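Think of it as A, B and C in the order they're written, each chain with its own count starting at 1.
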Amino acid sequence: AQSSVTLYGRLDLSINKPTGSALKNMSNGSGSRFGVRGVEDLGGGLSAFFNLEHRFDADTGAQSAGPVAAGNNANAAPLSRFWTGRSIVGLQGGFGKITLGREYTTAFLMSQLAADPWGWDTVVSGTPTGGLNQLITGGAIARVRNDSSLTYNFSAAGFSLGAQIAESSDTINKFNKRPFNFAVSYAAGPVALMLGYEKTGQVQKDSAKWLTVNGTFNLGAVKLGALYGKGNTDAGADHKSYLLTAVAPLGQGEFRASYGRLKNETANVDAAKGFAVGYHYALSKRTTLYTDFLRNTALATNKTGYDFGIKHNF
Amino acid sequence: AQSSVTLYGRLDLSINKPTGSALKNMSNGSGSRFGVRGVEDLGGGLSAFFNLEHRFDADTGAQSAGPVAAGNNANAAPLSRFWTGRSIVGLQGGFGKITLGREYTTAFLMSQLAADPWGWDTVVSGTPTGGLNQLITGGAIARVRNDSSLTYNFSAAGFSLGAQIAESSDTINKFNKRPFNFAVSYAAGPVALMLGYEKTGQVQKDSAKWLTVNGTFNLGAVKLGALYGKGNTDAGADHKSYLLTAVAPLGQGEFRASYGRLKNETANVDAAKGFAVGYHYALSKRTTLYTDFLRNTALATNKTGYDFGIKHNF
Amino acid sequence: AQSSVTLYGRLDLSINKPTGSALKNMSNGSGSRFGVRGVEDLGGGLSAFFNLEHRFDADTGAQSAGPVAAGNNANAAPLSRFWTGRSIVGLQGGFGKITLGREYTTAFLMSQLAADPWGWDTVVSGTPTGGLNQLITGGAIARVRNDSSLTYNFSAAGFSLGAQIAESSDTINKFNKRPFNFAVSYAAGPVALMLGYEKTGQVQKDSAKWLTVNGTFNLGAVKLGALYGKGNTDAGADHKSYLLTAVAPLGQGEFRASYGRLKNETANVDAAKGFAVGYHYALSKRTTLYTDFLRNTALATNKTGYDFGIKHNF
């Protein structure tokens, strides 16, 4: 059975000062992980696949709950989910791809995540939960993963489509309705366009939802990007956001920059606002040294964050 | 060291309505698992072996406690047992096989489990705990695994013998005495006969025990089977059960059927009674699609259960 | 990615009677473990490495906290640390080796552990926590591992140097200061000399610290060793210890013996005092059968301990 399994993972540790905290410490730069995955060819164009992914804090070795959107902790008992990153099995063929289990929302994977040059990682987006670009792209509404979900994906001629429904199993956080989300993307030459929409299933005064439209244009020397987001929380607060991004190859590494804002229109206050820059230097395809710097001026204190880290994939 | 380890596992998810519940949901069809095992040749016919098996709920990625017999939750703190499926090391040679650690009871592995065409899996037997055939074959008394156990196995000329003693370590559920169990089996041509007996160590008014005698006859087109079970709970209730089974190869799959009953003779009520049918279609040796249907008329409501699932071994 | 990962582990179970307890049971002889590790060649003499190590109790399959020094439980919530054995990533080159994460203290790895013929394992040192040689070599002060640590190692011409600082993250047990430790060792021909020093960061009346000086002399037929330890607890109690050891190859195995003492000079009482002997027989390079016997006369009752075990590495 050995040959059918790929073991993979990541350790990512940085010495950082996150925004919103005076603490300087060593912690996960992105979600450190340990996973197994495999694909079985069933013949006739059909294949079965699975993926299990455990997340942990590399500074202590402790099991972690993985990134969840601020204000939307969907995990009633996060520590009980050992495979919190992913726990899926499915079939793939000419009809597309059907996935069962604990899986990323399509809106997250195909739009929200893709819009952030940092991929919801580092002190810019993910350390700790509630980093600047995570708030802007997720709107403090979006849910990263759903338990007991059924996901459908299809790709052809540059178009990709994804849709997901899930069980309304999280009663603690008022996720009383079936979570639902979909996303579409289109890529042609230097252009990529994405749209993601989700209803998280969290319902109180209103039904929480989050829409993002984003795109990138690759000029070669630099890849420019933009996102526009709009939605409301279950408490009925309207959220709007935008993000402008630039990613440029530089030596053996990559320079990243972004500027954006998430505004609570109902309360007329910024939830997040500011810029971030970073340089990620590849020692190899698998090992990266990086440093980042950001300002979130929506915060009253500790507006500045930075990190120095090492990310090692295996 | 890599070459000496085999990584294996299973993801099994079904959309199901279990008996005894109105809930329709996505959940484990059988125990989803992740394991490592290996055998080392020590020369002279001697070998060392080990097996670690983690169990989880594939719909959420959460660590699970694995199947335990109804009314006999032997796990004081199930979530702390990461390798709840199995945690064993041992030696094997001409003298037989000696196993130390957390291991299946011999009565479960060689008789109770073998009697159920569903192998304690799917909505018929295992989803949720307390499915129809699990109750009938386990008598609502049997214990699936024991911690800190010492197991001996020997096989020759169609005969197999197993015996196990374990520590009386579970004080919470009144397992005050050393669990003890043994099993014998005999296979010759189309015939297989099995007997399992266990004292669970759970003692209150009486010492809980469970005896099963079962056999199968392979006619080629169909394999017929029967089980008779008898024992008593620690509260002194006499339990009796029988199960009739048929398994027939059908196309790329297998048709399964059973009818049986578990009766509490002391209270003169049925604990479980009914039939089950299922069709398990093999997409490959490793991947199966299945559907099952059952009726448990001993229940006051929600007597019907069914499932549609995918089981993928790796 | 598979090729870059080595999966390894150990199951070690013994039937034992530890000192300080009347209990005879089956339990871990040494820390049973499951780990992954890898090294990536980055070119130019530089390499990246990682190591994740999970610890568990092989008798139950339960996640364990790993060995911690008596009186110094540094783990606020040990069960949340799945990779409690190790969780590290780092770079190695001509400059030495830099390690980030949850790592052994250098004083433990290079001096305290090296001084004990049993390596903090078996009923002699590690079953349960607080065995005789663990107390003597660790002084009931030393801390085995630190979270969020930065470790530097360098080796050349028989000399090795290690130094570590870590976060003062464990507020529950009064680890209010940054843990710090260093160690040096020298090996030439039959002689090996080691020194370890650590301040655990645990501060109350005093700052807890522990110094060990030890060495071995290999006569061929037997390797003799000695350790001297000195330090104080955070409560201001002065601890002093010594240990004399002998290890002799004998047939396919190894005979081990030690005599030593840990004294609380402030209270003028022995914390541990006695001898231990053991024979560890190698069935192969990976599989060992062993038996040990010890007396700890500093205990009021249950001064005697013994074990019979099997240790299987994979």
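List of remarks:
Simple rule for what comes next: contacts are C-beta pairs under 8 Å (C-beta built on N, C-alpha and C of every residue); 3 or more make two chains touch, one makes a residue touch a chain.
Here the structure is a predicted model, which is why all the values come from computation and not from measurement.
If each chain is drawn as a node and touching chains are joined, the picture has every node linked to every other. Superposition on CA atoms relates chain B and chain C by a rotation of 120 degrees, given as a multiple of 5. Chain A and chain C have Cα centroids separated by 40 Å. Residue positions 5, 7, 82 of chain B are each in touch with at least two other chains. By the touch criterion stated above, chain B contacts chain A in their complex at residues 5-9, 11-13, 25-27, 32, 34, 54, 56-63, 79, 82, 283-284, 286-287, 310, 312-314.
On chain C, the positions that touch chain A within their shared complex are 1-2, 4-5, 7, 36, 38, 40, 42-43, 46, 48, 50, 52, 77, 80-91, 100-102, 147-148, 150, 167, 169.
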